[in-house]
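Below are two complexes that have subunit A in common, paired first with subunit B and then with subunit C.
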Partner chain A sequence: MHREKFKSFLQKRSFLITGGMAILAIFIAMVVGGILIFMIGINPFAAYQSFFRGIFGSVYGFGETMNKFTPLLCCALSFSLAQKSGFFNLGSEGQLYMGALCSVLMASHLSDMPAVPAIFFSVLAGIFGGAALSLVAGILKILFDANELLTTMMLNYIMTYIIALLVSGAMKDPQSAMEQTASVPANTRLPSVLTDSRLHAGLFIALAVLILVWFLHQRTVRGFEMRLSGINPKSAHYAGVNEKRALIIAIIVSGALSGLGGSLELLGNQYKLMDGFSNNFGFDGIGIAVMGQYNPIGILLSAFLFAALRIGTSSMQRSMKVPTPLLYILQGIIIIAVIVSNYYVRRIKDSLVEGRPVG
Partner chain B sequence: MVNLTMVALLAGCGGNSSSSSTTAAAKSAASAVATETAAASLNETVAAAASTGTGKVKVAWICEGILTDNGWNADGYKEMQELATKYNLDVSYQENVGKTEAPDVIRNYASEGYKLVIDNEQYHCEIMAEIAPEFPDVTFACVNGYVSADNMIAITGDMWQHIYLAGVMAGKVTKSNKLGLITYSTDSSSALTMLAALKAGAQSVNSSADVIHVATGSFSDLEAGKEMCTSLIDQGCDVIFCNSGDCNVTVMQTCANKKVYSIGAIVDHNDISADYVLGSAMLPPSNILKIMISGYIDGTLKGSAKPIVMGIKEGCEEFRVNPTMKGKLDQSVFDALDKATKGVEDGSIKVELPKTSK
Partner chain C sequence: MKTSLIDTVLGMAVRMSTPYLYAALGGLISQRCGVYNFALEGMMLGGAYFGYLFALLSGNLFVGILGAILFGMLSGWLLAFIAIRFGVSQMVVGLGMNTLYLGITSFCSRLMSTSKTDSALPVLLKNVGPETLQKIPVLGSLIFGQNSMTYLIIILFIVYGWFIRKTEKGLSLRAVGENPAAAETAGINVFRYRYAAVILSAVLASMGGAFLTLTQVNRFSENMSNGRGWIAIAAICLGRMSALGTCLSCFLFGFASAISNQIQVLNMGIPYQFALMVPYILSIIALLSVRGKSAGRPAALGKPYLKNR
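Our next item is the complex of A and B:
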């Protein structure tokens, strides 16, 4: 009786299973990581204390975590939306760079404009930039059936090296010895939204976009067409869906999301474009989308986990001198554990469904 | 009283004679350019730490590469460990901090109560100078920094004196009159300075000597270093100077294997080969860190918007001949070196350096 009640409770609140298993997986991974930390002579409890202190211990640390969260969220949404529409967009990194490039080009010409429109147009430029680059891969797929796994990946390299050329040449700041552009004008920078931190307004833009993308994908006809085309393009075609149009829309929106991530990172955090600007936001976005099971809430939480890992492990190195390689191992173990936990989540959910009375 | 006692004890911590002379040189150099600043000095921070009973001053040290690079970072790391013991500092280290991570790392340290944040990577000085005003009660410092801020200490080698001397030795030794220079890039101000200094030094003793300049594009791509070295040797270079991070040792080993002379950079690499390493043109971060921390502890160094430039005379740079060469090379080589060293120290030798902003 109690067992049936409990099963019924879980069936209606499956997010508890997903969340609970993820937390358990992270805990187990941290125990494993703690053993490794202990083996090199560092107190693991103190190490984890500094880990959490780095993320939550100060307003400043929390702000930095959320600043990392913003571009990760955008890139994860980008991959997720494309994947559910049948397009494996591995080009998030390059599209992020393109977004940042277009934003810096636009912003550099808007120094005399009031802040609100200046920011608006600078962000818009980034969105268009990312969308345009993604569209290149889309056109290659539509016209030549080119495998997007390769084309988007190659476009990453092309874009990365274009940036390297530009920041060391035509766009290099003449006042600096470093290979970077000049800083964007102050009126184009996203304002800080939390006192005693550098948390910028890009976070709210990204969250608003998350809701918008969910709405587009789940509540509109176009979104339905994208999903249907992603599941089975032939069936979509026979159902009267223009699957190529649906695919192109998905590709453009996907690229736009990565471009937005690049734009927000540039205008809110770094203010200048340089070689190595991204720090793997695009590639991590893929992992976040997979870990979050392409679900908006899952992506939100996974993006936060990734951002927290970056900040927390950095704090561990600063405070407890945990070596960098061990920190990367710890990050990897945690991510793998969460991904593996998804398997057990599915099994638990399946067993709950099997147990559900018919009729 | 406790504060003064702590300061006196730390200032009185003995060192060997070379660090005493270095400190003395730093005092005279620093006093000429240091300006007043509103930033809290480490002196006051030492006092504050003592009064709270912690006894240790929190210092952060950042480097771009790895601690085991056998060069710039390894030298800085080793020195910081010694200085930490000597001055009872609580030092936190962070390696692999690239230019995109540096702003976050620097800010994180400054916001976590570290009173002195040191960056071992010269190109981060621009980043640090931008961040410094956000944390006026923290002192920032950059090794070999060329840009500074009011609450920042940037001490830089002049980047040419020790390389000029390397050029003198190379110019005397070369038979092919072709010298090779390998750097990270070919158009940065520091690369162009090294080229100008090496060429000037070589041509001061050998008017036919010329320098072929190539770039690796990386501080850590060892294969690139090897390829550049091989390419220079194929072009006839018989003395090669490499200053490109982790590539330095690989290049010198390649030269030794191919029986070509090389000159070490940054730290003492004379032990790499007794037969084919002529010497080392040293600008070790350890020298600058000693000057920085000792000068700041005893109050002679404060933040200044103007970088402090030091050379051989101040103990920042050095050209160290490989002792094994004494019996192998003609005495005229060493005589030329001695003469050039005197000229560099007394200022009678000047090199026309490239006109760049940095």
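Our next item is the complex of A and C:
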């Protein structure tokens, strides 16, 4: 009887299983990371202490974590929305760069405008930039049936070289020896929202966008059409859905989200564009979406985790000399562990439904 | 002067297409068997690092290649285990592995540079052709001025083409990619074929990576594969999954890389970033030319096959 009760409890709250597995994945990654740190002759406990101190130890550190969280959340939503609609957008990285580029161009012309419209137009430019780049891959897919995994990936590389070209040439700040653009004017910068930290208002924009995207996807006709065509474009067509239009909307919104991420990072955090501006935000977005099971709460938590990993590993680098690429090792293990755990989650759920014993 | 430029570019084109050829043959074998290997990029990176590390520690380049092969076997087994045993999304596993290998190689190479143990390899694999023949204009360095690894991959491509068309095992491999359930019914061990194909795929990709450190530059730098694994997948697409087509596509990308390299070397007033974009732009254009829904892809490509269903 007890067992039956437990089963029905789990059946109603399957997120507990998924969440438990995710925590297990994080734990595995941390243990492997700890072993690696130990192997290079550093005390893993001291290292992890500095890891957590970096994230939660100060208001400043927490603000930095949330500043990383903002673009990561945008990129994860971008990948997740496109994936649910049947488009594998690996081009978040390039679209984020495009968004930042358009924002910096727009912002540099708006120095005389009051802050609110200046920020509005700068962000809008970034959104359009990201959407335009993903639309390129979308048009290539719809007209030429070109594999979007590859076209978006190639556009990433092309975009990084375009940025490198611009920041060392046409857009280089003449006052600086570094290869970077001039900082955006003060009136276009997103205001800081927490004293003693650099936390900027972009966080609230990103959170609002999360709710908006969820609403669009789950509660509107267009969102329903997108999901339907994502599952099976043919049956969607048969049901009277214009599956090409649904796909195009998804592609545009997905690119816009990545562009927004770049724009917020630029206007809120870095203020200037340079080579290495993004540092893998786009690719992390994929990992976050996978880990969050493409669900808004899951993505929210995973984005926080990935942001924390970034701040934690760079804190370990500063105080304990642990090389920062440990970040990628942890991320890789987490992604692989989560995807494997999905298999077990499915089996456990199946066994709960069919009443077979768990195993 | 003109001939020597053409000479250099052609010879260089074949040289620079070698890593693409290795990765593309690897990707081809695994796709034929129905499994996408999206970790080619990371496997190349791992092969480049471990090839370099083993060669540095042993002082022998062949041990370096063996090191890369060993890494390839391990990473291939891991990919096969996760993608085949658990039947999960092959794309996500591939991307996760790319991240993991980027982390492992960069982590180790930073450690080596802080402890000053990283150093240049004293020797690199040499060209094998006789000096006199290499001096023949145009074709000389193209045909004779190449590396043993380059000749090896050409031979492997021919062997693959023969294997897949003419042998019974090759037919079985294709059957596994087209319809695993039917293949299973016909008594073919689907899992064994898929494991073998994915492991072989990883070994080849790692060797392609090792080519970079053991023959081109003499040390490892972070993320040095720089999208070559993805270009290899584009080459397979462009070659419509045939051995000859893939091989020619790789030469095309190698040629693009050589042109890009020459633009930088000759200092023609074109910014080098433009030159670096060439292979990527070319691969997008290449993808546009692949019309038709199937483009030679096996029917069960990318679809997990679980026995108990």
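Just so we're on the same page, the second predicted complex is superposed on the first by the 340 of 359 C-alpha atoms of A that agree within 3 Å, B and C clash if a C-alpha of one lies under 4 Å from a C-alpha of the other, contacts with A are read in each partner's own complex, and residues count from 1 in each chain.
The rule is short, and it goes like this: a contact is a pair of C-beta atoms (placed from the backbone, for glycine too) under 8 Å apart; a residue touches a chain by one contact, two chains touch by 3 or more.
Since the model is a prediction, treat every value here as computed from it, not as a measurement.
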{"item": "First, second, both or neither for A:286, with subunit B first and subunit C second", "value": "second"}
{"item": "Subunit B versus subunit C as contact partner of A:88, first or second or both or neither", "value": "second"}
{"item": "Touched partner set for A:315, first subunit B, second subunit C, both or neither", "value": "first"}
{"item": "Touched partner set for A:195, first subunit B, second subunit C, both or neither", "value": "neither"}
{"item": "Which partner, subunit B or subunit C, touches more subunit A residues", "value": "C"}
{"item": "Residues on subunit A lying within both footprints (that of subunit B and that of subunit C)", "value": "321, 324"}
{"item": "Subunit A contact footprint on subunit B (complex, rising order)", "value": "60, 92-96, 98-101, 103-105, 107-109, 111-112, 123, 126, 146, 188-190, 356-358"}
{"item": "Residues on subunit C engaged by subunit A in the complex (per definition of touch)", "value": "38, 82, 86-89, 91-93, 95-107, 110-111, 114, 222, 226-227, 230-231, 233-234, 237, 271, 273-274, 276-277, 280-281, 283-284, 287-288, 290-293"}
{"item": "Footprint of subunit B on subunit A - complex, ascending", "value": "54, 58, 60-61, 64, 174-178, 180, 198, 270, 274, 276-279, 314-315, 317-319, 321, 324"}
{"item": "Parts of subunit A lying in touch with subunit C, wherever the complex brings them together", "value": "36, 40, 88, 90, 140, 144-147, 149-151, 153-155, 157-158, 161-162, 164-165, 168-169, 283, 286-287, 290, 321, 323-333, 335-336, 339-340, 342-343"}
